[in-house]
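Just below sit the structures, each encoded as structure tokens.
Here come two complexes built around subunit A, the first alongside subunit B, the second alongside subunit C.
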Partner chain A sequence: MKAVNQIIKEKPWMGWVIFFITMVVTFFIGLLASSIMERRTEAIIINKPKADIKAFESDNKVWGQYYKDEYQSYLQTADTSFKSKYGGSATIDMLEEAPEMVVLWAGYPFSKDYRQGRGHYYAVDDIITTLRTAAPAKPGTDPMPATCWTCKSPDVPRLMNKMGIDSFYHQKWSTFITEIKNPIGCADCHDPATMDLQITRPALLEAFKRNGKDIAKVSQQEMRSLVCAQCHVEYYFKGDGKYLTFPWDKGMDVDNIEKYYDAIEFSDWTHSISKANMIKAQHPDYEIYSMGIHAQRGLACADCHMPYKSEGGRKFTDHHIQSPLNNISNTCQICHRESEAELLRTVYERQDKIAEQKQILEKLLVKAHYEAKAAWDNGATATDMKPALTEIRHAQWRWDFAAASHGAAFHAPIEVMRIIATGIEKTQQARLILSKISAKKGIIEDIAIPDISTKANAQKAVGLDMPTIEKEKQLFLKKLKTDWK
Partner chain B sequence: MKKWFFKIIPSEEWHFTAIVTLGIVFGLGFYIFYISKAWSYLSDRPETCVNCHVMATEYVTWFHSSHKRGVCNDCHVPHQNFLVRYLFKAKDGLRHATIFTLRLEPQTIKMNEAGVEVVGENCLRCHKAVFGRLFQNAKQTQEIKSRDCWNCHRETPHGRVKSLSSVPNARVPLPESPVPEWLSHLLKN
Partner chain C sequence: MKAVNQIIKEKPWMGWVIFFITMVVTFFIGLLASSIMERRTEAIIINKPKADIKAFESDNKVWGQYYKDEYQSYLQTADTSFKSKYGGSATIDMLEEAPEMVVLWAGYPFSKDYRQGRGHYYAVDDIITTLRTAAPAKPGTDPMPATCWTCKSPDVPRLMNKMGIDSFYHQKWSTFITEIKNPIGCADCHDPATMDLQITRPALLEAFKRNGKDIAKVSQQEMRSLVCAQCHVEYYFKGDGKYLTFPWDKGMDVDNIEKYYDAIEFSDWTHSISKANMIKAQHPDYEIYSMGIHAQRGLACADCHMPYKSEGGRKFTDHHIQSPLNNISNTCQICHRESEAELLRTVYERQDKIAEQKQILEKLLVKAHYEAKAAWDNGATATDMKPALTEIRHAQWRWDFAAASHGAAFHAPIEVMRIIATGIEKTQQARLILSKISAKKGIIEDIAIPDISTKANAQKAVGLDMPTIEKEKQLFLKKLKTDWK
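Moving on, here comes the complex of A and B:
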């Protein structure tokens, strides 16, 4: 064979043949490239929301026009018909269930009214009607800060964006009562431009930042829990500005949060019976869930509280956020092959045993508060009382940490049992110290506990004038409809 | 070989043109390598499977299933040894790539024969403990193997609703624009 150069020299048309072959090959490679690009563009178009929702759109209905399935299922959070043994979507008057709580929260608004919350749909209604937010006469005259609104509505990020985070927290709760209309919904967790999950509340972002973690780097699976952790966590209002803050800097468990609060000498209120400086636990759902087996196996909140749902030929995330016990077949049974009855039994077994110990702790704490009162009444000094009051503070914090997180007994049963066990130990420690103090004063008989057999009796015992409080609230609700518009 | 190579070498005055031409063809080749994310197919990451958006339904139904802790390749490629594994990946991958390029994907994607066999074996590979009791003798073994696990376990793991259009709003990590961020930023300004 001759060299190609030689061939082309002899037959110049051969050069043209090679030229055209190369051209055709390149042409087809180009076609392949553009086909790949076309299909990649399809992917971008498919993934782009076909919705025109502006930034900070707080009206859930607007989102619902584009995402009908998700919106319709979200609206079902209005359902209040499901009752499980300890929870569900129906309102439960917790103070009626356990009047001891009235004593435990004496001097704090929770002793007036504490009901198990209904679904997200009622977030705005329920914060307005609860006796805890009192009855301000005029907007801006109440004791509650605007911070109380933070988790109730997608209007909050909108307002924070408009006026700044700091100055939002600085206002009074009633200032925004006519401004905040939409209950917890779409914009709380979704970015309107991409529909991706997003964090809209500053406290979680700030806690991550302080602890050197980057929220931009977490996986989609973690986001499916973190959007919930914007609110379903332990938090406190820092300083006079009532700046909402997560106490996570030393760790996220009950002991480390306790250390954090002790270090800054934080207290929510001074107990009106025992005079102990108390901490009120909020709802450390995310913290407790993180310590359970399901979190350790990589599950997110949404896996059980928002499972996949099929309707006709479509599948979508069920936005009816609720107790998985009302939807066992789409939640537990995705992984567990046991029958519904058996799964329910397993959950109730854990809840029953923890409830039993929790009630023991509740009753002991009531005794401790009254025994402290007796010691004060018999002339004990602040120095005498300090060790006992610290034990009471820590013990009740532990009780509240376990009690305020409604799913706790299932989310992390072993940790919750440990929390209650240390609570019992600390309460008894306090009572031991108090009995020594009383013994020195010559008191050896049992301290009398007033009648707290019902919610009403307990409220009377701690000095609450409930008829007046309720009348004022009714007047406020009436005025809200007519005068506050 | 060497001789043949020397024969197609252009004369000296054409060297420059030939180098540039070859560069263009290879550049185009690398461009295809880049936009098709060809390197990602060496991994076992589930995100690779949604390089083609028609797999979005499969991805998202798996993501919500009891088998989420595993990855696609735990079930869908054989695990005897490295060679068998990558040979299967290459063969199956090329088939998928051809179908996708020629737009031949059906409305509801189903496994082909080779895939059925591999998945069946992988069910056994992990769930052996359960089957140990069942494989008492040759007759029983044959009887069990004559059926696919998912003939009964129909929801495992992708569920029964899984056409191309059955997950309209699913958030799936589909590939984004191949234009690097700094460039799209430059182009915008």
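Moving on, here comes the complex of A and C:
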């Protein structure tokens, strides 16, 4: 201190220099302290004691006690008020929107009921109330396998762990109706001990293994898509055991999955009008996303559907899973500098063009199914019909692959347009073949199509007795509340 | 100076302060001086004396004396060595690549000869040597109108100015063969007095006027596309005067241009096999570019095909007009951070998917033309045939709109895929109608298609005597060098 005093005495301006240096250093120390405190607060709030959540804990509320930000944002998925031009998360009666679908799925449960899903929060409610799961008289007497539950609840891994995967799939859907209570939630994607992302459903792991891929070697960024890909994929129920299987062994695109199904002669059902052996596409979201530019540039599902969020100094993943169109400022605009209006216009332009072609294809498929029926009615043989029915099978598979995938028209618009173009070509090819078959039987006039202008008319046309089906469902739901519990 | 010395004497540290301030100010003055000098150099080199170029100067060399950077880069368009997966600027025999095109254009000069253009530098040579302009015996005796010259040379505005637009179009193509010498160049896009971009061809100005748009009000950035749009558009030769006209009055998209042509019952030719009244799409490059994301985000043609370039401190527009795939670092990578390989892959993915569907459509169109011929051969009437021939007309128009436009698959891939999908639907619809017409005449079997596996076979199949056509052309080219000069 003495030396400093001596210096200041000799060079008085040095006093000011020391003063300013001290100020600058103090300022940066302040910044550092603030940063440390913030990180500490985050650490306290985010990295909670983990030991309290037991393995296979399926109750989302239990997790929510420790991970408040994530849980509170997850609860917002209960809100279904957002409605984009093409649906968003609100419930839309798709059969009302396009009654052609009733004909396309004739003989299959989707022709009874097909609504835009309300999202994860309602997964359990929605599978119970949909007409597709029918109205079993008592537990274990229904035609649907337990496999239908696989993607609906974190109770599923718990049950699989308890009874074995095979045994689980082997039960009836209604067997677990009083056991499965929690909608899709925390345990589906997270390890309760470490909170790491994890794959809890066997089908994805099995598909990886069959194709020589190691799930342990994928990056965290890939996991931010793969946890979604446990369910948001094309799959089928294999064999009598209804074993949930991904048909990825030849490739993940529409052509290679078609080849896979053809090779094993798989069909979901025989069409009740055309008698074609049909494939029902599920929701090949991960497959189509993978073929789009956003995936190719390294984005994960979570980047757009669960972006990072800051609240009160805490940064966390927004678990309000939703359409990015409802959250453009936190998703698209992280990279794209255009206005919300312009970004919406860009998305809608893609969706409009694809919807236009999809609707053309639906109308052509309706004609093909009825023209096949006419050919059968006029005495065509199975050998005559096979080429046309194969074209119908492939064409509708392509339509469904594009139509059933959530957000397909945005995720990979060029591939989806290509898929629909091939569907149009094949449907028309089927119609050409059928036209010749009928001509050989002396039938040249256009085949009459029944009135399918509304959902009700179309359901009547394909022979569905909807009042009875609905009455039975109501009775089932009533009994579920009283007798089954 | 005395006052300063006094201050320094009293407070010696002030000397250092004055020293540092002087250093900082001097540094910024240095920066300013450098900037002024650079701008001055640019000004000297770029804004040359302008009075030396007279109005309608069509000789590119004359302009090149003053605008050396631009002219030297323009001369590089003579290099045709670049060859991308889908052609680039090298000459490719498109009929050899896809002999189906010979059938699609049967009865029209394109079935004789269709090569990938070699670029602006060769515009005059290429129009003289192509078999499409046939082999007139002497000037003024050919079937092609002078309108064909419109986009080939800066001699055209000169001639139009001299003789009037109407009179120019009214001549024969061969009338100007010794008069037009300069390939597409400076005067086509620039005002010699101000070097401003300008529209020199009447059709664009007339289309703007008819649709209530004022060319004087468009931005410089729009002009950087519109000078290209003088020629790189869909157009037709209107009436007996063969007046070059843009069919934009109902809109610039494929559906609205189709409606425009239908409304005036325009056709380029009657197909020699199916007898359908066909429309030949030219190169609707500007129309398709306008429907793509790059146009929607404000890019002009010049941004990718003529990017800015720096050489020796001079910044200028690169007049080596070429595919951006040959110049990725100066074009795509200005905005996109991906590697050249990844950007190429992205472009090729779009092109591959569209090429796949385009080829499917070509094969279907070939069948439709021959099936129409069979229906005629079996006694169908014009009334029977009209619906099918209309579908063929519209389907092939859509194929051609996508196929003829340079870079269509990249410029607006979703729209182009949509166009092809509608083409497939319409072609198959035509085939269905034709199948029924033939069935009514008792013909149910598939119609035989001749061997069109090579260009030569296809040309033989459509009745072209290529050896004679080629011999006549050689004779014409020989006489052109001797007798005509």
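The definition used in the following text is that the second predicted complex is superposed on the first by the 434 of 485 C-alpha atoms of A that agree within 3 Å, B and C clash if a C-alpha of one lies under 4 Å from a C-alpha of the other, contacts with A are read in each partner's own complex, and residues count from 1 in each chain.
Assume a residue touches a chain if its C-beta (ideal position, glycine included) is under 8 Å from a C-beta of that chain, and two chains touch if they have at least 3 such contacts.
Everything numeric in this text was worked out from a predicted model, so none of it was measured.
**Q** Name the contact category of A:A382: first (subunit B only), second (subunit C only), both, or neither.
**A** A:A382: touches no partner chain.
**Q** Figure out whether A:Q296 sits in contact with subunit B (first) or subunit C (second), or with both, or with neither.
**A** The second partner, subunit C, only.
**Q** For A:G30, using the defined touch cut-off, is the partner it touches subunit B, subunit C, both, or neither? Pick first, second, both or neither.
**A** First partner only.
**Q** For A:I334, decide between first (touching subunit B), second (touching subunit C), both and neither.
**A** So A:I334 only meets subunit B here.
**Q** Let me test your reading of the model: by the given contact rule, A:T346 touches which partner, first (subunit B), second (subunit C), both or neither?
**A** second
**Q** On the A-aligned overlay, A:T22 touches which partner chain: subunit B = first, subunit C = second, or both, or neither?
**A** first
**Q** Which partner chains sit in contact with A:I420 here, subunit B, subunit C, both or neither? Use first/second/both/neither.
**A** In the superposition, A:I420 touches subunit C alone.
**Q** If I apply the document's touch criterion, which positions on subunit A are contacted by subunit B in one structure and by subunit C in the other?
**A** Residues common to the subunit A contacts of subunit C and of subunit B are 297, listed in rising order.
**Q** Quick check on the complex: what are the subunit A residues that touch subunit B?
**A** 1-5, 22, 25-26, 29-30, 32-33, 35-37, 39-40, 42-44, 46-47, 49, 67, 69-70, 195-197, 220, 297-298, 303, 307-308, 310, 313-316, 334-335
**Q** Sort out for me which residues of subunit C touch subunit A in the complex.
**A** 11, 13, 293, 296-297, 338, 346, 349-350, 353-354, 356-357, 360, 364, 413-415, 417-418, 420-422, 424-425, 428-429, 431-432, 435-436, 439-440, 444
**Q** Where on subunit B does subunit A make contact in their complex?
**A** Touch list, subunit B to subunit A: 4, 6-11, 21, 24-25, 28-29, 31-32, 35-36, 52-53, 56, 60-61, 64-66, 68-69, 100-101, 159-163, 165-178.
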